[in-house]
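One chain, chain A, links the two complexes that follow: it is found with chain B in the first and with chain C in the second.
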Partner chain A sequence: MTGPLLEVEALSVAFGPKLNPVRAVDAVSFTVNAGEAVGIVGESGSGKSVTSLAILRLVPDPPGRIVGGRIRFAGADLLSLPPARMPEIRGRDIGMIFQEPMSSLNPVMTIGDQITEAVMLHERISARRRRALALEMLDLVGIPNPAERFLSYPHQFSGGMRQRVMIAMALVCRPKLVIADEPTTALDVTIQAQVLALMNRIRSTFGTAILIISHDFGVIAEVADRVVVMYAGRIVEQGDVRSIFRHPAHPYTRGLLQSIPRLEDDRRRLYQIPGSVPAPGARSAGCPFCPRCPDRLPICANAMPPMAEVGPSHHTACWTNPGASVAGAQ
Partner chain B sequence: MAITIASDEPEYARSPSLVATFSRRLLTDPVTLVAVLYLGLLCLVAIFAPLIAPNDPLAQSILQINLPPSRDHWLGTDQFGRDVLSRIIYGSRASLELGLISPLLAALGGSIIGMIGGYFGGIVDRVVGRLIDLLLSFPILLLGIIVAAALGPGFWNLVMALVLAFAPRFARIARASTLSIRNEPFVEAAVAAGVRHPTIIVRHILPNIAGSIAVLITLWISSAIQLEATLSFLGLGTEPPRPSWGNIIRDGLNNLFGSAWPIVSAGFAITLTVLAFNLLGDAVRDVLDPELKE
Partner chain C sequence: MTPPLIRLDEIAKSFAPPGRFGIIDRGRPVRAVDGVSFEVQAGETLALVGESGCGKSTTGRLILRLLEPSAGRIFYEATDLTALSAGAMRGMRRHLQMIFQDPYGSLSPRRTVAEIIAEPLDAHGLVGSRAERRERVMALLGQVGLSPEHASRYPRQFSGGQRQRIGIARALAVGPRLIIADEPVSALDVSVQAQIVNLLQDLQESTGVAYVFIAHDLAVVRHIADRIAVMYLGRVVEIGEKRRIYAAPHHPYTQALLSAVPQPDPDVRGRRIVLEGDVPSPTDVPVGCRFHTRCPLATELCRHETPLLREIAPGQSAACHYARPNPISLAA
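Presenting the complex of A and B:
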């Protein structure tokens, strides 16, 4: 297969009334190659979760709908598939790990039944082989005594264990891509580290591509090869992890990186980006970050900066980047 | 290649099953135990009525009318000389059949409709909601009388009347419970795993609302038995000469001064049975409701 595994092109998702819709995701384009880990980072309301839901066409409709763009997965255009075909893709080709391990498992089903459910839907194999597959998966995600825990209910598991079960569920059909929406947000720090190590291990074992969504640069750095930074429904910067961490080109990315507390820091007060994300309805013609930007130029309030190259495989949409005016002139 | 990471939860306890919780309740609560034993006995009596009943419940005898209790007729005889005890024993069949079948059918139909409305929402939910409101606006007894009057008396017509009366009550509860369950992340997770909507309703929604439906069934069984008696009393239920507790009272009322034994016996049977089912319902509710567990 040539080309990227997942190709999101100018994706736009709108919410609210048809006449006055609010764009939660606006012209977002990025790709995920086979076996690659890509992170989407941004603060609350930046559209990162909606983007991930849109890939599986899980945006709740109403009130949301995908209003433009294309999503190509392994050569197929997901947005033009009839809705009845989507369940074949979900779980089998693209697995999803949710944010809330506490409530993302059905409290009245044994975890064994929940893990085998996806296999039952997508593959015609015997109940014994399904069970064997699920046990193998439970073992792989680090659940001790899988055969015994197979019959346990979710309330008998701690949060970290449930997240492992969720990961086992997402991976049991060996999908080509796993979307993890804030997989560690609800967990405490030591468990976070274990879960991230597990995700890395799974990627190297199965060659699964990972799309990880987080507000936490540390989580992204742990897992991802490439980073997509989103702000107010738009991509403001994307590139490989190293160059974004070393040379963040967009003021928003710089702000996010500076906001990470450090132990050796002796500042009295933690850094913060002034202001907050603009309400989705109240966006102007210019760069959405302009009102909060420390480096704003006169042009910023009036025109949206185009995506322009900063370095090899590193792009940003900012007028302070010298490439932007060149790209804008074209 | 197994990943070995120390378990962050070395030990876990298996929570006691519902059957175990219920058994413990039976052992610690003598009232519930008596109610359950009584209902078990009643079921045996209804099933083995031909073996237990001392006489033919339909056999009339002009020589033995309105007798008081005696060794031959423990509860006396009615105005046609029929043995009252045998009629009560056979009458338990009508009460139990109707009392069990109609709430179960109502639960089945009502839950399906309620879950569909609650799950899909939108226009489907509105149609279901108005249908529920429409049926709920009829008093149950009136609905029973309407159906019986339109279709005539008879067992299955009575079942239909009670199902129509009970189903919206089940649908309302099923819809409300489904509304809260369908927004749980595990439903979204199931969709994301490729599970289709009908399967989600059966595998993920239904087991989560089954507890409240089960409580509702036990509570409506006693109402069904009362309604059977009421409608039979009004002549719209079980057709004579087939005995039911309701029509024993109806026949007995015309003959109140001949012998009070039929009315007293049937009334006593109805009271005991309804009470027992209510106590069972309370016990089931307590066992299934985690808030009430100590």
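Presenting the complex of A and C:
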């Protein structure tokens, strides 16, 4: 074992004018091991999608730019690679699945050609091999009648089928890592269940590592081994999936988990976190959750708590965690 | 026995097929809502749930006659809404209001919050003087958890959750007896969603307003509804008291829908009924039971004969040939 497959270290992404930038992602560090599924969960403005775009160096510049940190993938330092090398990584080594399959698919290209396009970019294959590969991928993701379907166009597919095509495209080069940004958010719940089951099956079949980004704790619980919770551009907590759901350590994670409506209980009132997510740019020096936090201490408004251990493979950035002052003193 | 607040009697709505290149296409019409009947009692919350294309939003709009039904009748107490003139229907909207999913799209960007909330008051002639109007607007802002200084601001200056509060205040202004809430919390972040769900329940307690709560999220519905109607391809497949529907769903579609909801609990991972295939197109509704193309229990009977909604247990009806008081569970 030579370390994690993906290692994000102190990544920061800023938007807006250089003189008055807004940090959308602020000193974010986490890892994804080979074959592991990691979920990033957060509400709008948490920086979870920008983090995933930054890994692929797809942050639109301007207005955004990576202003600090390192991203190592399979031994390569992605941020120091010449931009021309990135297309080799994207698609071949890292597959991508986005929320909006319709806008990510080419409307005037057949499904079969789109699925195999990534392979054509990276190697020369015969037309016959290309067709066989497209059929194999369509079958893998559970599209009925692949032989008829691979000549269809995206508009002839339903939302769920388009998302299956996206998954086939992401997997065609057998990447080591798939980044899935809200892969089921636009889908109906019965179709979502199909797509999540497919993602889990693919992972167990090919050992593909998955980085899944979602606002939905239910989706994260379904797929991830480890969970990273983001709030206002910062990681507030990370740990293995059971620790996060059973023993959430950060007041934000606790509040969020309590405020989720659940199928198995019918409390009339839901727990509510007061206030709303701060606008980017309106953040202070201290913990970004401080103004909404029920457990805040005097120090919280002035200093960002360091990430400290709360249990085995479970860390949080909160001053209420006794480990925080120790870590801060170091 | 007092009549229900709202009663739908075999309501249907077909849309003409989309034309092509400006020429009328004589294809099959879209049967968005196809024979829906239910009642809403004063002060209760009926949730209409289902996936996209099931007709839940169309049903909501039909109740307010924002869309004209193709067939069937809708009663508000003893009044047949479908027989009213457009003018008389406008008057009825004093009792029947709506809140929308997208608070951005449903609030005029050029009006202040006070103007937005006062508009229905003026339209129905409910306030005499300016002072009275102002007082009423301030009271409404307080009721939905906004403060007086918000009155002179514009919608763009508010967050999504606050905009939804403005929409709720506008709907509440005329003192309606029923509010159709079309996915009111779907576009909101989880932490804000809980605030709005709680607000809607508080307002129901204080004003006695009834809700038709249209949603795709069965977990949210569990917290707010008294009764639930599950829709599939334009028809109600199951309707009943909330506790009964969640504890013992009888229709195979209801069972699959409940089981498909991803739970925020890593230990229930993978234990679900995964339905095959997609919802068929509403231009090409399957013969017999509409669900038979995806139903793991479907038989010959289901492919030929349309099951009608019938009472399976007290306060619970399902449209399935095989629904019995002791339900067959797909999960078993």
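Note that the second predicted complex is superposed on the first by the 327 of 330 C-alpha atoms of A that agree within 3 Å, B and C clash if a C-alpha of one lies under 4 Å from a C-alpha of the other, contacts with A are read in each partner's own complex, and residues count from 1 in each chain.
To be clear about the criterion, a contact is a pair of C-beta atoms (placed from the backbone, for glycine too) under 8 Å apart; a residue touches a chain by one contact, two chains touch by 3 or more.
Here the structure is a predicted model, which is why all the values come from computation and not from measurement.
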item: Chain B versus chain C as contact partner of A:Glu9, first or second or both or neither; value: neither
item: Which of chain B and chain C A:Glu123 touches, first, second, both or neither; value: neither
item: Touching partner for A:Met161 - first (chain B), second (chain C), both, neither; value: both
item: First, second, both or neither for A:Ser104, with chain B first and chain C second; value: first
item: First (chain B), second (chain C), both or neither touched by A:Ser276; value: second
item: Contacts of A:Asp139 with chain B and chain C, given as first, second, both or neither; value: first
item: Touching both chain C and chain B, counted on chain A across the two superposed complexes; value: 144, 158, 160-161, 191, 194, 197
item: In the complex with chain B, residue positions of chain A that touch it; value: 56, 58, 86-92, 95-96, 98-100, 103-109, 117-118, 121-122, 139-144, 152-153, 155-158, 160-161, 166, 169-170, 191, 194, 197-198, 201, 205
item: Contact set on chain B toward chain A in their complex; value: 1-5, 7-9, 12-15, 184-186, 188-196, 199, 203-204, 207-208
item: Of all residues in chain C, those that touch chain A in their complex; value: 51-52, 159, 161-162, 189-195, 197-198, 201, 216-220, 222-223, 242-243, 246, 256-270, 272, 274-279
item: Touch list for chain A against partner chain C, complex; value: 43-44, 144, 158, 160-161, 188-194, 196-197, 200, 215-222, 224, 241-242, 245, 255-257, 259-273, 276-277
